Structure formats: structure tokens, C-alpha cells
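Below: the structure, in C-alpha cells.
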Amino acid sequence: MDPITYKLPHTPQGIQKPGEPVKHISSPAVTGSSVLGIKYKDGLMFAADCLGSYGSMLKFKNQHRLHAIGKSTVLAFSGDVSDFQYMQETLDELMNSERNWEDDQSLGTKSIYSYIHAIMYQRRSKVDPLWNSYVVGGIEKGKPFMGYVDLYGTTYEADSLATGFGKHLAQPLMRKALEDKEGDLTEEEARDVLLRSLRVLFYRDTRSLNLYQIAKVTGEGVTISDPTHLDSEWEFGRNIRGYGF
Amino acid sequence: MVPTEHHGDQWEPYVDNGGSTLAIAGEDFVVIGSDTRSSDGYNINTRYDPKAFKFTNNTVLATTGYRADCKSMAKSVQAQITKYAHDHGKEMSVEAMAQMLSIMMYQKRFFSYYVFPIVAGIDKEGKGAVYSYDPVGNMERVGFRAFGSSSALLQPFIDDQLGFKNRADIKPEERELHLPDLQQAKNIITDVFNGAAERDIYTGDGLQLFTITKEGGIELEELPLKRD
Amino acid sequence: MSEASRSDYDRGVNTFSPEGRFYQVEYALEAIKLGSTAIGIQTSEGAVLAAEKRVTSSLLVPSSIEKIVKIDDHVGCAVAGLTPDSRIIIEHARGQAQSHKFTYDEPILVRSVSQSVCDLALQFGESVGESKPKMSRPFGVALLIAGMDEDEKPSLYHCEPTGTLVKTRLKAIGGGQEGAQSKLEADFEKDYNENPTLEQAKHLALKVLKEVMEDKITKTNIELSFVTMGEIRGKKAPLFQYENEEALGQLIERIEREKREQDALEFGESGDRMEEDH
């Protein structure tokens, strides 16, 4: 009888044979699901849950996925956690080397975004991608900016952005909220649509968690909330009949 | 082609972000239209991601295909154009830019930019010029060209309306005698983009219409398209 | 300047003298003056290059000496000095011209190809790390580059071992450069009001060349070329070409005739003056 084997996310997909071109592509191991970002009156707001999945296992339940880069930029990631940590180290190095000039200047959001894109596009061009999707946002020279970049080096900007399942489930909610208010949400309205989106994601995305963080960028700088419990409603399940009950 | 999943150890480094471009050369003008939608499969990434950009005072480059490659290629072209201006003390002509782009693309023959560029401008003789390319740099100067997700809708139509292909009334050889005027060309572009937005899910949101003339330089109009 | 301090600083190609001079480059300029003379004239309808060839032996085949060479359809250059050095420069210029045509589907500007030649002029010295200089010493040649751009405007450039590029309308380089330059400038103003036709420029170039040459001017010991609007593959285009043998013969004949006439006139005049003096 064959031994029982479990295929873990990082199981090598092929074996390197001598003389063959080097193959890089490794599949992601510990991953984060959707992140969301939306522009509002005073700046930008981001949301992500705190889960680091290992395949279908809820492995890390306090994984921070929203990070401040410099004084007025937030980097939100989904995808492979270790690839993100590599990116974070690279960005820390960049920000440090800029700080060492001691010229009271630091890289703005657009420059950081451009740098991240350059790395992502370079890696995809080596066919050795960093397995992430990023939403980068912040305020530069008083103006809000938010952009998306992923493992293909694809970039775009919009007033609301999402990664992963959020593209399907959260974007329609966020776009409607923005259209209803002609792109001028209050802080409460922005928070409300993000929480509704997170809740829908928690209901429908199996790789999500009811523990989340919200990040804000305003003229005052970046604030990232502590992990917070997300309320949800499952009572309706009691009335569902069928499925053998 | 939407390779968002990896199959075994194969990973496709290309994405098609959809969208359409259409250029028409007239006697002494060129018009070039492009939509502003960027998509990935059934997702709309954003409703405003322009595909066409002014490169010199009389050239526009519009590119569909894989957006990351389009932007990367456009950056390289812009860098070369700036360097050319410094080295030779003059602005690059459409002819020179067209030839240069062909070579830049062919240099990446074995890891091509997945792009479908159109270069539009006024040539040295003052005539409207449209150059079209395949992803490996094969270049052709044409009178009109449609590229992108709606090209199969748009090209046959302009083949008939502007190229007089398979028509009983006018022969294709007589095309030069029936070149559209500026207003006719602009009307064709706005009309066919409305049609494309109706039937092609990858084309829509906004239309950018560049008009290039010798006297007026480059003008840009932005018009709405269907957003569904 | 004492001889001692001069010899201290004239050996290396990487040391200035305390006076800020750079002797090896200056000596390169001297090397140019050892060679034969070349002349360039720019007019409104084209540009002319003329050069002397020193045929040092009757056994030497004159056509094997090349003082004027074509760089591209629309540009050519005349050289003076150590002509073998010019091979490196011309090879480079031709490469630049073809590379430009390949990349941009248009002829390179005369200014750009001339500048690329001057950029080479300073590529001498020792190799440092990655940089591999073309030469261990400065080039010992000067060039006159004549050409015409797509806008149908002709131009003439002078390029030296110092790396200096100068746009000019009249220039003489080589052994007879001083004498030729002053004659050129004088006649240019006196005979042509600074605006000769292309044919007049050819005549002027040969006339001045003849005067600074030691040997008698013939069809075989000079070269004459010009750039003006011509025809390339059935299309009107700037064209650099050599003067054909027949026309060259006629030009030389005319110059010699005029010289004889002028000599006779001067002889007569001087005779008259002598009479008056007595």
C-alpha cells in the first residue's frame, strides 16, 4: 500500500536537473488574503484581516498586513508573507539610506510605489516573481495617492483598490459607496464600507479571519489600529434545514 | 489568456489587460483613439489607465496588451527620445521614432514585450503617419489601424469605410482620393469606440482622442464611454 | 620656458605642465603640420574639400594615397597629419553613421558624426579598470568634415587632436595651413564677397592649394570632392562625391592659365614700374 502523503504548500514542484536552466518558481507558503484601500475626505483608509494561512490551515492568527513606510505611506500586502518580509527589508534599507542624507527629506508615496513596482517588474522579468499583490497609498504634497502593484508588475491607480477575493467582493461595494457620494466619503462612511467589505469577505472567503486592522493616512500621518474583532452574524444558520439536519 | 494560476512549475509572466486603440492618418493630420479601461479577466482594475501618450511635439504612442510591458517600453522610448534630443540638437521625427521602436522591440525578440503599439505623427513631408507593430517589432506604415481587444470588431469596419476593401463603388487603389477629413476621422473613432464599448467587455469607461496636426501640434479630448 | 621644465612634463599623457599646458597634445598639433595640406570651403549650395597628395616616388601609385574619404552618402572628410591614425577615426565615424541610419532610418547629422569623432580624440592614455583607450597617445591628425543634412544646409567642421570641434566656413589644415588660411580668407572676401558658388569654391580651393604645394599641381597629386544636392537611388538627396577626372583637369588647366596670365600682367606691370622708377 502506498504511504499516505500530504502535499504542503511549499512542496517542490520539480527537481532541478544538472545542466538545466535554473527554475525559480516556488509556490507561496504562508499567505495573506485580501487587502482593501479607499480614498476619503481626509486621506486614505486601508483594511486587512490578521490571518497568515498555511494552505488551508489558519496558521498565524495575528499576522499584521498593513505597514507604515516612512511618515505618510501605508503598504498593504496579500500573498506570500516571506516575500513581503523581503520587500519590507528592502524598503527599510532604502528609507534608511535616504534618511542618512540628513537633509530632512524623505521619499514620497509615489516614489515608494515606483520603487516597489521596479522590484516587482524586475523579478517577474527574471521569471522569479515575488508572490504578492500590494496596495500602496499615502499623502504626498497634500494630495492623496493610491496604487496597486502585483507579481506581474501590473500597476494601476484608482480611488478604491483591492487584492485577491476583495477584487470580486469588496470592489463593487467600495465603488458604489464612492459613486453614491461622488468620491467624497467621510471617515465614518469609509470605515463603514471597509468593515462591510471585510464582513462579506469573512463570510465568503475561506482564507479569511474575523480579526482585522484598519490603517489611516491623513495630513497628520499614519495610524494603524490594533487587531480588532469583527462582528458577524451566523444565527441564521439555525433555521437552515436540509443537508441531513 | 488570464494566467493567474500557476500550473506545476510553469508560470506565465504575461497578462492581457485588454483595451483598444485606433489610429487614422489623413492628408495632413492623424487622429488616434484609445479607451482608458484596464482589466484582468472579469475584473476591471481601474477605469482610468491611459494607453496613449505624447512623446514629442508631433508624436503619440498608443499601446495595448500587457500594461506592465507597455509602461516599461514607453519609459525606454521616452528616455531614448530625450537622449536623441540632447545628442543631435533636434526633436526626433515620427519616422525615426518608428524605426527606433521596431529595433528596441526586436532586441527583446526572445523575451518579447507583450504589446501592440501604434505610433502616430506628422512625417517630414507634413503627411499623417501611422506605424503599427507586432510584439517582436515587425513594423508597417499604414493608413489606419485598430489594435487590442476590440481589433476584430474595429479593423474590418475601417477596412470597409477607409480602405474601401471589397466594395463595388470605390476601389482600394483609389483610397488616396477619398481620404477622410479631420472631422470625419474623429467621428469614426468616437462612433466605433461606442460600438466597441457596447460589445467588448474589455473596452470602455473613457475615450482619449488625440489629434495631431502640423500647425496645431497635439490636442487631447477625453470623452465618456459605457462603464458596464 | 626652459628646456628642462619642458622635458619634465612632455612625456606623460596624463600630466599637465605647471603652466597648464599639455605637451603631447601640442606635439600632436605639430605632427599635423608635417603632412600635406587640405582645404575646406562651405558655400550656401554645398561644401568643398581639396587635399594635396605627396607622391614621393614615381613608382608610387598615386591613387593608393587617400586623403579624402567618404563617411556616409552625405558626409566625407579630408585628413592631414599622420594619415594612418585617421583610419581608426574614420572607421568609428562610419560606424556611427551606419548605426544611426539603422536605428533611426535617417542620415546622421553632420554635427553629430563630427562630434562623435571629437569624442574619440580624448580616448587616449593608459587603461584604467574597465576603460580601454583606443590609443596610448593623442591622434596625430586633424580632420575637415564636410556634409549636408536633410534640411539641405551644408556644413563644414574642423576637428583636432585637442578634441575641439569647430564649425567653420573656410579652413586649411596640414603643412601649408598658415599660408593657405590667409590666402583663402583674403580671396574669399576680395573675389567672392564671402559668397562663392560651389564651382567658385572648387576653383578657390585648388588655386590656394596650388600656391602652397611644392610639387606642380596635377590631376593625380590632388583630390577634390564636394557635397551638394544630388541623386541617390532615384531620389533627390544630399550627396558627397569626388570631382570627376575631366572636370578636375579643366579646373587645373584654368588655374594654370590664369596664373600664366597674371604672371604676364605682373611682369608687365613691374616692367612699367621699373621704367617709372628710373
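The chains carry the letters A, B and C, assigned in the order they are written, with residues numbered from 1 in each.
Methods note: contacts are C-beta pairs under 8 Å (C-beta built on N, C-alpha and C of every residue); 3 or more make two chains touch, one makes a residue touch a chain.
Since the structure is predicted, the reported quantities are computational estimates derived from the model, not experimental observations.
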Taking each chain's C-alpha mean as its centre, the one farthest from chain B: C
Most centrally placed chain, judged by C-alpha centres: B
Separation of mean Cα positions, chain C and chain B [Å, integer]: 48
Centre distance in Å when chain A and chain C are each reduced to the mean of their C-alpha atoms: 68
Gap in Å, rounded to a whole number, between the CA centres of chain B and chain A: 33
Parts of chain A lying in touch with chain B, wherever the complex brings them together: 13-14, 23, 25, 27, 121, 124-125, 127, 129, 148, 152-158, 167-168, 171
Chain B-touching residues of chain C, taken from the complex the two chains share: 102-106, 108-109, 111-112, 150
Chain A-facing residues of chain B, complex: 6, 8-11, 13-15, 17, 38, 40, 43, 45-49, 66-68, 71-72, 111
Residues of chain B that touch chain C when the two form their complex: 84, 87-90, 92-93, 95-96, 98-100, 103, 124
